Every structure is written in C-alpha cells, then in structure tokens.
Amino acid sequence: MSILINKSTRVIVQGITGREGNFHARQMINYGTQVVAGVSPSHGGSWVLDEKVPVFDTMQAAVEVTEANASIIFVPARQATDALLEAADSGVELVVCITEGIPVQDIAKVYHYMKTKEVRFVGPNCSGIINPGEVKIGITPEDCVIAGKVGIISRSGTLSYMIMEAMKEQGIGVSTCIGIGGDILQGTSFVEAMEMFETDPYTERLLLIGEVGGLEEERAARFAAYQMSKPVAAFLAGKSAPPGKRMGHAGAYIEAGIGTLKSKIEAFDSAGVKVVTEIPELMKLLEK
Amino acid sequence: MKLHEYQAKAFFKNYGIPIPEGHVTSIAREAKQIAEEIGCPVVVKAQVLAEGRGTSGGILLAKSPQEAEKAASEILSKKIHGLSVRNVLIDEALSIEKEYFLLITLDREKRMPLLMMYESGTIYIETAANALFDNLDRIYIDPLIGLQRYQVRQLANRLDFQQKYLRGLTEICLGMWKLFCDMDARMVAINPLVITKDQRLLVLDGKITLDENARFRQEYLVDFRDYDVEAYGEFEARKHGLDYIKMDGNIGCLVNGAGLTMATLDCIQDNGGHPANFMDLGAGVNIDKVIAALDILLNDPQVKVVLVNIYGGMTRCDDIAYGLQAAIEKYGTEIPIIVHMGGTHADSGIRILKDLDILFAPSMVDAVKKAATIVGGN
Amino acid sequence: MKLHEYQAKAFFKNYGIPIPEGHVTSIAREAKQIAEEIGCPVVVKAQVLAEGRGTSGGILLAKSPQEAEKAASEILSKKIHGLSVRNVLIDEALSIEKEYFLLITLDREKRMPLLMMYESGTIYIETAANALFDNLDRIYIDPLIGLQRYQVRQLANRLDFQQKYLRGLTEICLGMWKLFCDMDARMVAINPLVITKDQRLLVLDGKITLDENARFRQEYLVDFRDYDVEAYGEFEARKHGLDYIKMDGNIGCLVNGAGLTMATLDCIQDNGGHPANFMDLGAGVNIDKVIAALDILLNDPQVKVVLVNIYGGMTRCDDIAYGLQAAIEKYGTEIPIIVHMGGTHADSGIRILKDLDILFAPSMVDAVKKAATIVGGN
Amino acid sequence: MSILINKSTRVIVQGITGREGNFHARQMINYGTQVVAGVSPSHGGSWVLDEKVPVFDTMQAAVEVTEANASIIFVPARQATDALLEAADSGVELVVCITEGIPVQDIAKVYHYMKTKEVRFVGPNCSGIINPGEVKIGITPEDCVIAGKVGIISRSGTLSYMIMEAMKEQGIGVSTCIGIGGDILQGTSFVEAMEMFETDPYTERLLLIGEVGGLEEERAARFAAYQMSKPVAAFLAGKSAPPGKRMGHAGAYIEAGIGTLKSKIEAFDSAGVKVVTEIPELMKLLEK
C-alpha cells in the first residue's frame, strides 16, 4: 500500500464502453483494482467485462449504487470537461483523467471547481497511479514495474514505463508511481505529489521525471531542498528540444526563455538534487 | 499556434481594443494607396512570426506614399530569420509619450490566468515571465469569475497609471480577457500599448497564441496557420493527429509518448547522432496513423535510418506492429528500420514483425546506438 | 417583467430551441395567409399576459385558412381577463405524444439557479415550485460554472426520458440556460415541451420573466413592456424610479421603503380603508421624484386623500419635505394631504412643511386613521 | 456588544465620496463606529469627513494600510457587483451592501464567490447592522432605537426603523438589528441570522420582520420550531399585496402561488411562533 489508492479504493471507469476504457478497465481488474462500475451515457443498465461490471448513465447513479470513491476518465477530449465536472460533483474523492487534448482553459475551471469540492484531481493527459503489485488506477503496463521503495512522479507516461522497466531489471522497485500529465495545467503538481510522498511510510526516496516547459521542476527543486527529508533524484527529457516548438505534450514548450532544460538542471543542482538526462546514468544513480 | 500582428489586431478591433488606422497588403503598390488614405508618415511592418523584426529591417518609417511603396517592396522581397514576408501592415505613424506591455496568460502554479502590466523599458517581453516571484505587477484572474474592473484599477494603481486613461485601459483589459476566453487563447499580449503625444491610448502591436487543444471547438483555428513557417510534413502530420517537428539530422524517429520521444532524441544526441525529427504517435493509434507517420519520415530526403521506439501503455504494441507491417509492405525497407518495443503487447508486436526485414533492439539505448552506427556515427 | 409567448418564442429560436412553424399578426386576414403558408390545421393563440387563455377561448384550432381568419378575428376582438388582445400567433397544429414542463429559475435558499423538469400531467406549472422539498426532479446550477450536459442527463435519467431525444433535450436546456444568463432572466419556462407523433421534439409555449434590476445593461428590456397591462402612471413612475402599483381604493399613498409601504397598505386595510396604490419612493429621493410621485397620485381620479408616511434612513425627511413643498406649490391642496415623518431629519422635514395646509400625524396608525376618516371610513 | 460587529470592527466605506456614502459614513462615525477608510476609484489620496478619513482607489490598498476587517457598500447598482467582488477579495470578513437594484444573477455569483472566501455577506438592498448604543454598519437612524435584549432580523429597512421606534417608546431595546434586505437573493438569510442570535448572550428573544415573496419565512418558522431555544416573534407585511406584482422590493412578489402572506402566517402558527401584521398588536406582544 502507498499513497492515494489502495485495494479498497472503489473505482468507476468513465467511458467504459469505449475501446480504451474497456481495455484498461479489464487490465485494472486483472491487476487487483476494484472496478465497481462504468459510466457511459446511453449505455446505462448494461453490463460489461464478462457481465461483471454494471454500466450507468450518470456518475450520480453509479456512486449512489456502488459507493465508489474514485473515478478514472477515458472519454474523448470533446466530452472530457463535462465528465470531469460530473465526477467532481458525484462525491468521489479522487479523479484521474487519462484523456489527452482537453482545452487548457477548461482545465483551469475544472481545477478550481474540484478544489472547492475538495476532490483530488490527477492529470489530465497522464498515465494515472500505480501501486506496483497491489492496485492501479491508470494505464501503466503491469509488467514494467515491481514493488519497492522508490516513489515516482512523472510528466510522461511511456518514459516512466521504460524507466520503471529498467529499474525492474536492476531489481529496484516502486512504492507508487503518479503520472501527473504532460499538459500545461496539472490537477496535481510535482510539489503536491511530493508532499504526499514525504509522509508516506512506504516510500524511502523519490524520482521525478520531468521535461521542458514551465517551471514546475524548478518549484520541485526548491521544495526538495527546503521541505523534503527524503532523498530526491530527477530525470529530465528534452535537452535537444528547440525553443518555440511544442514537443508533443501541450505543456512541453520553451517560450520567452521559460521552460528550458538548462534552467531545470541548474535548479536541481543548486537544490542538491541529483539530476540526469540519460537512462544508464539514472540507473547508476538509483543503484546506490 | 501564433497569429500575425495584423490578424491579432483585427481581433483586437473586434473586441473594442483601439488600434492605429492601418491596412495589410501583399502588393507594394497598394502600400502607396493605403499610405495616401491614412496620411503620412506611416510605418510599414513585415508580417512574419519572428522576433526582432525591427532590428532586421522589417519595420520602416515612410514619410510619403512613394516612400511607403518603396519600403513595402523592400520588405516584401526580404527574408527575416529565414522566413519570407508575405504581407506588410501599413499603420499610421504615431508620436509616443509612454509605452506599456500587457499580457494575459496562464500561471501553471496557481492554475489561473493572470494579467501582467509593465511600463516598457522597465522590462522586456522575453524576460517578463521570468519575474516569477514578483507579484506586484500581476493580477490573478479567477477562471470561474473572470477579470473584474477593480482588478485593472489595482494594477493601474500600482503602476501610477494616469487616471484619465484608466477607463480606456479597463476596456482594453476587459477586451483582452474576453478575447482570451472566446478564442481559447493560451496567451494574449499587447506590446506596446501607447499613450500618444496627442493623448490617445492605442495598441501598436500584439500577439495571440491559441490553444491547439481547443481546435475542436474553434473552427477558425486552421485558417490562421502560417503555412510558410511549417516544414513539409508538419501539416500532413497534424491532419493525422501526429505530433511532428522537422529537425536537421538524419535519424528518423517514430516514438509514442512525448516524454519518451524527447528522451529518445536526447539519447540520439548523447550517442553522437542527429535526430531528423520529433514524431510522437500520440493517443489513439491505428494502422493508418502509423502508415502516415512512416510516409512523412520516408519522404524526408535527409532521413537515412528510421528508429522506432515504442513502449506500450495506452497505445498497444500490436496495433503499431500492424501499422508498421502495412507501411513496410507499401514502402519497402530501402531505408533501414530499427525497432524497440516494450510494455503492453510488446511480445505480440514483435511476433507480428519478426519475419520482416527490420532490425530489433533490446533497449532504447541499444536501438539508438544501432541507428547511429548505420548513419556512420557522425 | 414578462414576455408574450411570441416574444419568448422568438428568443427561443435565436437560442437554437426548436419551435413550431408560426407567425404573429395583429390583422385577421393575415392569419389566413399565414395559415396557407404553414399548412392547416393551425392553432390561433391570443397573445395576452394572462393565465388560462385556453379556457377563455383564447386558443382555437383552425382546419382551413378561412377558419384561421375567422378564429383570429374572433380572438382579436376579445378581452381576456380584462386585457384586450393585440396580436395572435398562428402555429402549425401538432399531434402530441408526450408533454413536459421545463423551468429555470432562482432558488432563494441555495442562492442558485435551478432547472426543473416534469412530465406534464404529473404536476401543474402553478404548483410546481411548491414541491419544495422534493429534490428528485431538479438540478441546481452552480452560477460560477453554469449548466452542464451531465446535469441534463441526470434529470432525463430520473424521468426515464427517451434516449433518442436526449441530445435534443440537452440542446434545449443549454439554450434555455444561455438565454437565462444573457437576458438576465429571473425565470425561463417551457410549457409544454412536446414529443410529437411524427417524432419531433418541440417547444409549444414558454414564458420569460426578466430581472428589472438588470435594466441598465439590458437595453431592449423597455421594448418588451406590454403597455396594455399597465395602469396609467405605472410607466411614468418607472421613468422616475418610483415603484408604483395602481389599486382600487381611494387613499393615495406615498411611502418610502417597500416594507413600510406594504405595512402602510395593510394598516389602511385593517382600519377599514382602501389604498389607491402602492407607491415606494425607493432610493435616491430628490425634489423631482417627489413631485412626480404626487403628480401620479393627484392625477388618479379615485384618490380622495393623500397619505404620506416617511421614515428617514437612507432617504432623509428634509429631502422629501422639500419635494412635497414644491409639489404643493404646484398642485395646491384641494385633495387633503396627511403626513407622518420619523427618523433621519424628521424634525427639519416637519419644520419645512409646518406652514403648509397639510395635516400632521404622530404615528403611522394615527395617519391612517385620519385618512380613513376623511374618505368616510369606507 | 452583540453579533457580527462591535466597537473594534474597522470599517471601510466603499463609495465614500458619493452623497449617500459620505452622509452615512459621518453618521456611523458619530455613532461610534470606527470608519478607518473610504474607497472611491480616482479619489485615492484625498481625505474626507473633516480630513479625518483617508480615501483609497482600491480596497486592496485600503485594507493593507488600515487593516480593516469590514466594508459597507454605497456605490450605485451599475458598479456594485465590481465593488462586492473587490470587497470579497480584499481580506475583510464582513461585507454589508446597502445598494439597491443589483441584478439578481450577479448576486448569485457574488454570494458563492464570498462563500469560497469565507466572507460574511449581508444585503444587498438592506439597512445594515446596528448594535444600539454601540456601533452601526448601516443606515439605521440613530434615534429610533435603544439598547436592549431583542434581536431583530428584517427584510425591510424603514419598516424596522418604525417598529424599533415604537419599541423604544415602550422602553423595549434591541441587542442587534440585522437588515437582510429586500432582494430575491440575500447574502444572509433569516435562518443564518437566527443561528447567530441563538448563541449570542446579549439576545434573549428574536423578532423577525418579513414580507410577501419567497419561502424564507417558512424556513425561519421551521428553524424556530426545531433549532431555536430563544422565543421568536414575527411581524409580516404585505397581506394586502396582489399576486403577480412586485411590491417595491425585488424579492417581494407572489408568483405561482409562492410567497403569499397566508402561507407564512400558517408556517409561523404551526411552528408555535407568535405572528402579527399590525404594529399595535406587535407592541402588545413584545411588552409581555
């Protein structure tokens, strides 16, 4: 067990009748996650995943019947804002949004709305959360990671999988990996996730996986220096990224001098946080 | 996505933000006519999406219509930072008493839009956002409430902005805010806002950057692309939902996930190679998308090897493998292809590809090294 | 302020809410033409701001253009609840399968807009709002976020609304919400929303009540007044910012503050008198406003005595006294005037008036009794 | 001393350079209220009221300099929403809005915004608050009321003044009178004000002054019956009000059967709350 989720978390999958939602709902169940319901407008009343998971038209009905306390969102970007607000209103405490491509102004609104409702918002455009060997609310492939003591916070899904797989090959395990997402605005930032790991007894040290764009890594560096007792390391991607271009993620761009990898590396360096940009180097760092 | 000055100004005007009298043209002799209508002197300004037009001869003052035509013809035949100038904007020339810089953008830490204002000369636009921990000259905007008049008063107050222009400033800021919301902008900048010697408050130049995620509800977005700025393939890629950026090297990359793509590029660089591109397959991968991606890569004459680095998560390796298979059937393997696959359905992905004429690598680093070797290390 | 059905429907149409084909006219022979265009049968409906048009013969079915003309001419010559009919609306007649009632209004307890939906027959519009503690069929709308699609789904779900019309219902509700916000409405009702036998989802009738406090930013509000409904003086009063309602009695009232005005009217009734009006001077009283108020009262032939009951607070008694003085100089005191003043600057108010031919009363009850005596008890 | 305000409350007057703002600021000072500043855009830097009260352009500057914790708003309806939001943002804990004629949808937004900022909002279109003999933040005439043990909550300003004057003539004093305002939506409702009086040691019994429109009196009756230990009486105005007409106050109308005086009287009756509609009767009731 580690932060945010555990085996008794009761999860609703929003968009369960879509291809991705359906596939990952099954993956989550196989991993040990309690997927108690799906929500899909106009599919209410049906059952999916070997007739084991009931589908509801609305989050309200799903929460009422199943007493779920978390939701994961797979619905397309066009409908995602509605799904996010619906989740915020439904009474769940945690909302993980996998969907990519949601307009950033919508996320600003959703973030503040969730805040007034005291809902923990993770994502969007993220890989979700995994407590290896126990439970996952997200899309992290199950084979890539083993349980252990390293907490991971990552802006990138696939990069974190590959890094966790490399760690696994070295026998290094993970307590919880939180994908905070690659968008401009994140429901949960590096610093907020770090706060949770700091008090988590299952986590001994932290790995941050960052990239170009914004100043969240710089804030994380300051937090690591002044407010963390646990050791922190960082891997950063994008040192070859040209300025003014969006590197795939909506949030990964260098603009007006903001968001360079150089600035992030300097921030970690001066905070005494070990920072690397190559995977073999990272493995050496984590072995210690 | 960024708009040209003349496009931004047209939006400003629609939102009640005062701009100088001016017109855009792509024909030098029309510049003369426009200058006659407006009355000289006029400023002739190159419309290119590049910084520092002024110092590159992209902004000229003309004292007569004849001069305006000459200036326009000069600028239209120029390249600025490698970009050819398609249009010039001819604006009335103004005597300026004071200049300000105004910006609405998003603050990532607070997840809120913010409005910044500076007196020009005190700070430059490029470094404005760096003034991170200084809250004095910025106002946070509650996204659920929107910008309010009192907030503009607060900002003006701190800058000792002249009372008599306060109403004008308020309308400009509220106009910027409305535009920011209506257009799903990521940034709206006005630089400079000027008080002229004849006591007018006007916006001389501005920038609007739009949120590409909002494309599905902002249909006009596509019309404002500046195709000249885009390398071959970027437009094609966007049509297929691929994130593609053309670069200078010779190792073509096809990766899934933005972070992994960046890490792959970094790894190529670390191993002495040169990536030919950034190519993130993004979400929702199908056969057509993979074919389209490979089509773009193989049509780039600089590409000497293709490096496929896939880690399955949301995207499944078998889906990509089917795409690669179809693409290879179509294009052959004259250009060598190196594949690394891990994660969800990696095994079946590799199984699908195993009889094809491609190289497999057990890790990303290994794949990158192989690619670098093929193109000769460099 | 309420809008006529045809006015509300014009707004509905602008907001993408589907309405039957129809046109409004004030001329009976045009009804024939309209019926021809639309195709018969049609419904001819009186446009009056009164409940129960149907039972008063204000809604007629016409099977031919000739019948439509006859129906229109019949209705246009009618009075419904004392109101003459200026216009008729001719709508296509529909075969209805199911009817619903939709309402957006403000919930005073939660200070939130709410959306209610009922299946018609289960409840009547007049009593709908009485179903106070039943939350099942209502959705609260966060005013900082606005109505969301999922909320409409929730509502539809509870009512077992047919899936195939859900998208249509959602667009209608979002249209109502946008209209509610844009127009500063206090209430937007649709009654009925119908599913026709030919499987269309249409709004047959609706009501919009606007917030008069928003008049300063909703300039069109004044155009939608139905002057026929207003008694003489009501329009004049509004021009001067007075709250005036004409009533049936003979004691003219001039009071400051709505609660005090109501209490004064109640007191008149308790003492066997009959108020001729409600007249609240409201905020920001000046001499002109008092003159205008007295002008309205004295122009009402039913008024036999004027009762002035002022308690100074925001409004100061001396300001009112100056106004009364000026009005009395202008109109004389043929109609007797009784004054009670208390509160802020009451002494100086009384001092200003003391040499005029008016009666003073030491309390409201005493003033009311004096007035009742003058008009003869009853 | 009684609820919400006392002699140490530090008040800013928004709209102090207007006629009403200026007049009532002086009245409040004369009554003993600490008016520490005024706010009036474009009058910042000047001093008013015998050069004793500084005027600021913005609430932010005024609060920063004077450490005020309350504000009263006299600005015209057109600018009032802006002034309300400015007050909510400024750090004061109490905002009393005297202004009449503010669009009701604006009040809905302001109410919820104030709630997230934990600001107590009283009004709009109200007479404010007075603790007789001590302090007032509002426009209640000073002579009309004496200190005592009756707490008053009123939808109407002038009616409450006249009633308090009648009480004064009988020697009955008031602990605090809160004008909650005559609009459709109120920052503070009967029930919310009743909650405060219930725990106020200076208040022995309560008088509610209500009128036609809405159902707040009905809710107050329920609250009095089930959640108040102190005796409650009610005076109601508008029994002669015709349906469908707005009786001066934006909130005073009977529509679709809602808001009748009959319903309110019945509610109070069945809650065991003494309810009257005539002032002489009320005086008899209060004498007891």
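The chains carry the letters A, B, C and D, assigned in the order they are written, with residues numbered from 1 in each.
Methods note: contacts are C-beta pairs under 8 Å (C-beta built on N, C-alpha and C of every residue); 3 or more make two chains touch, one makes a residue touch a chain.
These figures come from a predicted structure and were not determined experimentally.
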item: Which of A-B and B-D has more C-beta pairs touching across its chains; value: A-B
item: Averaged-CA centre spacing for the pair chain C and chain A, given as whole angstrom; value: 53
item: Inter-centroid spacing, chain B versus chain A (mean Cα positions, whole Å); value: 27
item: Sites on chain A at which at least two other chains make contact; value: 109, 113
item: Touching two or more other chains - residue numbers and ranges from chain C; value: 142, 144-145
item: Topology of the chain contact graph, where touching chains are joined (line, ring, star, complete, other); value: other
item: In contact (per the touch rule at the top): chain pairs; value: A-B, A-C, B-C, B-D, C-D
item: Of all residues in chain A, those that touch chain B in their complex; value: 20, 23-24, 27, 77-78, 98, 100-105, 107-109, 111-113, 127, 139-141, 143-144, 154-162, 165-166, 182-186, 189, 209, 211-212, 214-216, 219, 237-242, 245-252, 255-258, 277-280
item: For the chain B and chain D complex, residues of the former touching the latter; value: 142, 144-145, 148-150, 153-154, 157, 163, 166
item: Chain A partner contacts - residues on chain B that touch it in the complex; value: 106, 108-109, 111-113, 125-130, 132, 142-144, 181, 184, 186, 211-214, 216-217, 243, 245, 247, 255-263, 265-270, 275, 278, 280, 282-284, 311-316, 342-344, 363-365
item: Contact footprint of chain B on chain C as seen in their complex; value: 144-145
item: Touch list for chain A against partner chain C, complex; value: 41-42, 44, 57-61, 79, 82-83, 85-86, 89, 109, 113
